[in-house]
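Order of writing sets the labels: A, B and C. Residues in every chain begin at 1.
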Amino acid sequence: MFKRLPNFAVTNQFGLFLLVIFFVLFFSFFTDGFSSRFNLFALSRVVAIDIMIGLAMMVVILTGGLNLSLGALGVSAAMFGGWLMETVGIPIIPAMLLTLAMGGFLGWINGYVTVKTGVHSFIVTLATMSIYFGMMTLFTEAEAFRKLPETFTDFGSLKIFNKYVSPLLLVSIFFVFLLFYFFKFTDLGRKLIAAGANPDAAELSGISVGQMFIYCHILSGLLAAVAALMLTSRIGAAIPSMAGNLGFDWLLPAFLAPVLGGTLLSGGKVTVFGTMLGAILVTLITNGLYLIEIGEFWIRFFLGIILLLAVLLDKAREFFAQKSNVLS
Amino acid sequence: MNNLCLEIKEASKKFPGVLALHNADFKLKKGSIHALLGENGAGKSTLIKIITGLYKQDSGKLLINNVETSLNSPTEAQNRGISVVHQERNLIRRFSVGENLLLNDLPKNKFGLINYKLVFERSKEWLELMDLNIDPRTVVSDLTVAKMQLCEIAKALSIKSKILLLDEPTSSLSPQETEHLFTVLQKIVREEDVSIVFVSHKLEEVFELCDQVTVLRDGKNACTSESINKLTRQNLVKLMIGREEQIIKSEKKVVSDQKTVLRLEKINTELGHHDINLTLGKGEIIGLYGLVGSGRTELAKCLLGLEKIVSGQIKINGNEVRLDSPKTALDRFKIGYISEDRKKEGLILMHNVLENAGITIWSKIKSFLSFLSDKAIHAKVDPFIRELEVKTPSYSQLISNLSGGNQQKISVAKWLAAGTDILIIDEPTVGIDIKTKSYIHELIIGLAKKGTSIVLISSDMPEMISLADRVIVMKNFKIEGNEPNSHNYADMSSKIMAYIHD
Amino acid sequence: MNFFPQEYFKKDWFGLLIVVLMSGVIISFFKPAFLSSFNLYVLMLSVSLWLVVAMSQMIIIAIGQMNLSVGAIGGLVAISFTGLMEVHGFSIPYAILTGLLIGLFCGFINGFLTVKTGISAFIITLATLYIFKGMNLGITEAQPFYQIPESIKNFGNAKIIGPVPYLIIIPIIITVMMWLLMNKTQSGRNMLAYGNSVQSSELMGISPTKVVITAHVISGFLAAIGGMLVVCRLQLGTPNIGDSWLLPSFAAPVIGGAVLAGGKVDVIATTLGVIIVAIISQALVIFKIDPFFVQILLGFMILIAVFINRYREYKEERRKKIFIYEASHE
């Protein structure tokens, strides 16, 4: 009886993969220029960043929480990096490391306050979103850093693989594999998952759950900083509004990717590859909608619908899985 | 003409893999207090859920006042006069007692606004009926559990319920509170024309309160609505477990020159433990006995550093230590805790066997860059899972798909793998079939023989007397007695009860 | 004579009232301009708007959920309201009515989806936030509607007496109605009961469908009113109305001691929360402090409020533990 139970994680990711293939074929046939070198390159640059944003949210969803401050945090870190590179004049590598440290630090604040107050991370990150973004605007006086080192900005416009792909995508894929390894094969990664899945049981098994949740928020901050650095490199400048007011533009892709990928909102489950596929799917559909000339203003509407459909499908699948279980 | 207010005829209910109820009968006479007994897994809770409209029977009939009825929801059951009294679960904790009693239909003025004066006046009447001397303006969360329960009964009466279902109502009450509850129940049966279904594990209470009894075993009736006068305690036990009550005669262990491993000196805790003194020798099993709410589990949590210790000393192997988290307890002092609530605190249901069994040893076997391989974990936990004879198709099976007994084995296995020196075992055999139960008993004795010191928390007197070397009786967060186990049931149980009830 | 009955000290709103009075006194001591007629007028205008927005969120907090789409509903209604008048020539009453219906409908969608699918309100309203906002942008193509009837402009500008704007009438009515709803009606009490414990309230025969949908419909209705009030005040219907509502909508109820897990909200305290936020924002303007400070400060105020609420809860738990311990040992 047990053997016949399909592994839903697998079917979910496989289904996503099929959807991706379907949309690629669909848009190649029905739009002009989808498979053009220019479009695929542009697509790869966007996908790269959406994957990172999705992963950054995923590691907090793991705790059963969420991180509204993701965009604000990422942009703040990137602006700090821009300041280091342009105004202070620190070499690129140390500047990037310090940027990541900043992201991690801001994530630590989120995690620390959430764990110590026992308040839901929603309200904590709502507050820190406002604080980070406000501080950042105050320090930068809402001015962009546009004279970043060329090596840094060139990376974002570099084209590889016969000029079809941006190297940014390779960076993201590197992180995907890194996180996959981390969650699957390391002591800490497993502890994070256990803490998210059942905090009480994990605590009694000798895991400091509070510590683990703080780590998740730090990781989220780090990944958001990576995403923001990649975005900076892509646009060629660090701009305060690059993720929208309060960094709110990141929120939808941040939730779409993990939710489509099959991450449980109640925590305790990560799907690194699913999140990647989710991000790819979202970017693909967005891009396709542009090409169909649906009107850029309707794109958000469709993304909202997709999120709704994704969660509804997830619910339906759960429902039918239970039903077939009962029947067998 | 019979006078049954509720009757169940040949009800069956099937779940995937189990036949939870098989042609079960149940007859509740008007104005009686009817005990419903059975071991865990005997089908009691399924029957209760059918009566309260949560489940629908696959076959068989349900009759209310001799009319065949089908109940599709708890609300519908309530409308037909059937109410369940849970422990503190049916009340809105932030609302006042009065508002809770009348929430279904609050009295309103001519503008449709709630008239609180009337709410408190009316609810006061119900409270008086229950001999409850509390202001209806009191917020529910300020009440003791016993009073909450009485409020729930008052609430059930206020919505004109004629059948009350009480599921383990005394499990966290003091003897005085239990006495009060019983007086009230007998009064409402007499005066308010109410019938009661009483579910309890405590046979003494059943004999004190009930006039009829139904026993379920393996989903079938072991007896149907017998008069209680015809039965003895031994009869009932036999009906419930299908054989005589028996105690493993574990030979008295020779505990000579045993080294004291753990010593508590004058421990006071934030939760209210007062002046706790305790010693635990190497390879010794001490039993903590007491009613639910006497502070046993809470004491365990204090030892793990989950609750604050205000004053006093904990000494491990003679050295004073500070325990601030389960992590410290496990990593530095090798103290483990097997929780009574395995689904909530013991296991991660959505994870598989290997992950659950290995959780305590991950940090120990990680290698370079904290690399952890399933193979290494497998090698470590496999002997224990085998030793415990866990029935699972594979180690990648999700824990939620295993039976209760096998789940409990896994939550024991992870602590065996951890190799603890001191193991706190909290209610190890609740909800577990007889076979696994005796298996776990042997295991505990075996562990102690190998030198593990064990603190056993149990409300199961026979279990306590079978296993413990010493029984420590707790009451109201204090230690009342410390009795070396004579392994003589009658002698020990009367001694223990004397500590609790004096 | 007991001027302050003891029980006032325990109320959520009492401490806040002191904060409001103190901050008013301190600010006007340093800057008497704070009490100028114009300043009070501006203060009241901002209170009027945020009051409606806060109530719209508060009722969802009461049932233990959250509504991210409050601003999106407000924005969609604002542009529909102005667009219908400008483009389709609707008369004012019809435009208002349609606006309200849109708000009700959006709220209904939120409530229906949440309660029927069992998916968290957070994710549902995140999706509808983008759906409503997307419709808004799709319809307007990000262009504002400028042609607003004079009578609406007048309503947005006129003062009843002294510095008191006409605009404040509706929010005051709403606040009173909300107080009655939450404290004196069966359906309000049902909502709070549901917020306290979904399971208990269901066992008590309260219908979750009814509770959740009612709360979301009221939330949508209030957001719609909020959107139209902004139109009156700005004298135009821009698509970005509502974009900045999220933070203030949570700030006031949280400062007012609302428990985000549900079951505890206080209309008076939320109102005072709105006033505190408005006074402090206004003070920053008067002291000529960078407006970005408002955002930072708002963030800190939420955090501080969360800390205080949490601390009080902790104290309360301790008190009850000891109380119950003693009661069972009597």
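Keep this in mind: contacts are C-beta pairs under 8 Å (C-beta built on N, C-alpha and C of every residue); 3 or more make two chains touch, one makes a residue touch a chain.
Quick caveat, the model's predicted, so the values are computed rather than measured.
Chain-to-chain contact here is organised exhaustively, every possible pair of chains being in touch. This structure's chain pair with the greatest number of C-beta contacts is A-C.
Centre to centre, using the average C-alpha position, chain B and chain C are separated by 44 Å.
With centres taken as mean Cα positions, chain C sits 31 Å from chain A.
Touching chain C in their complex are the following residues of chain A: 66, 113, 117-120, 122-124, 126-131, 133-135, 137-138, 245-246, 251-252, 255, 259, 265, 295, 297-305, 307-308, 311-312, 315. Contact residues of chain C toward chain A in the complex are 66, 113, 117-120, 122-124, 126-135, 137-138, 140-142, 243-244, 246-247, 250, 254, 260-261, 290, 292-300, 302-303, 306-307, 310. Residue ranges of chain B in contact with chain A, taken from their complex: 16-17, 304, 306, 325-327, 329-331, 337, 339, 344-351, 355, 359-360, 362-363, 366, 369-373, 393, 397, 401, 414, 418.
Here chain A touches chain B in the complex through residues 1-3, 5, 185-188, 190-191, 193-194, 197-198, 200-208, 268-269, 325-326, 328, going by the rule given at the top. For chain B in complex with chain C, the residues that touch the partner chain are 74-75, 78, 84, 86, 89-95, 99, 103-104, 106, 108, 112-114, 141-146, 174, 177, 271-272, 293, 476-477.
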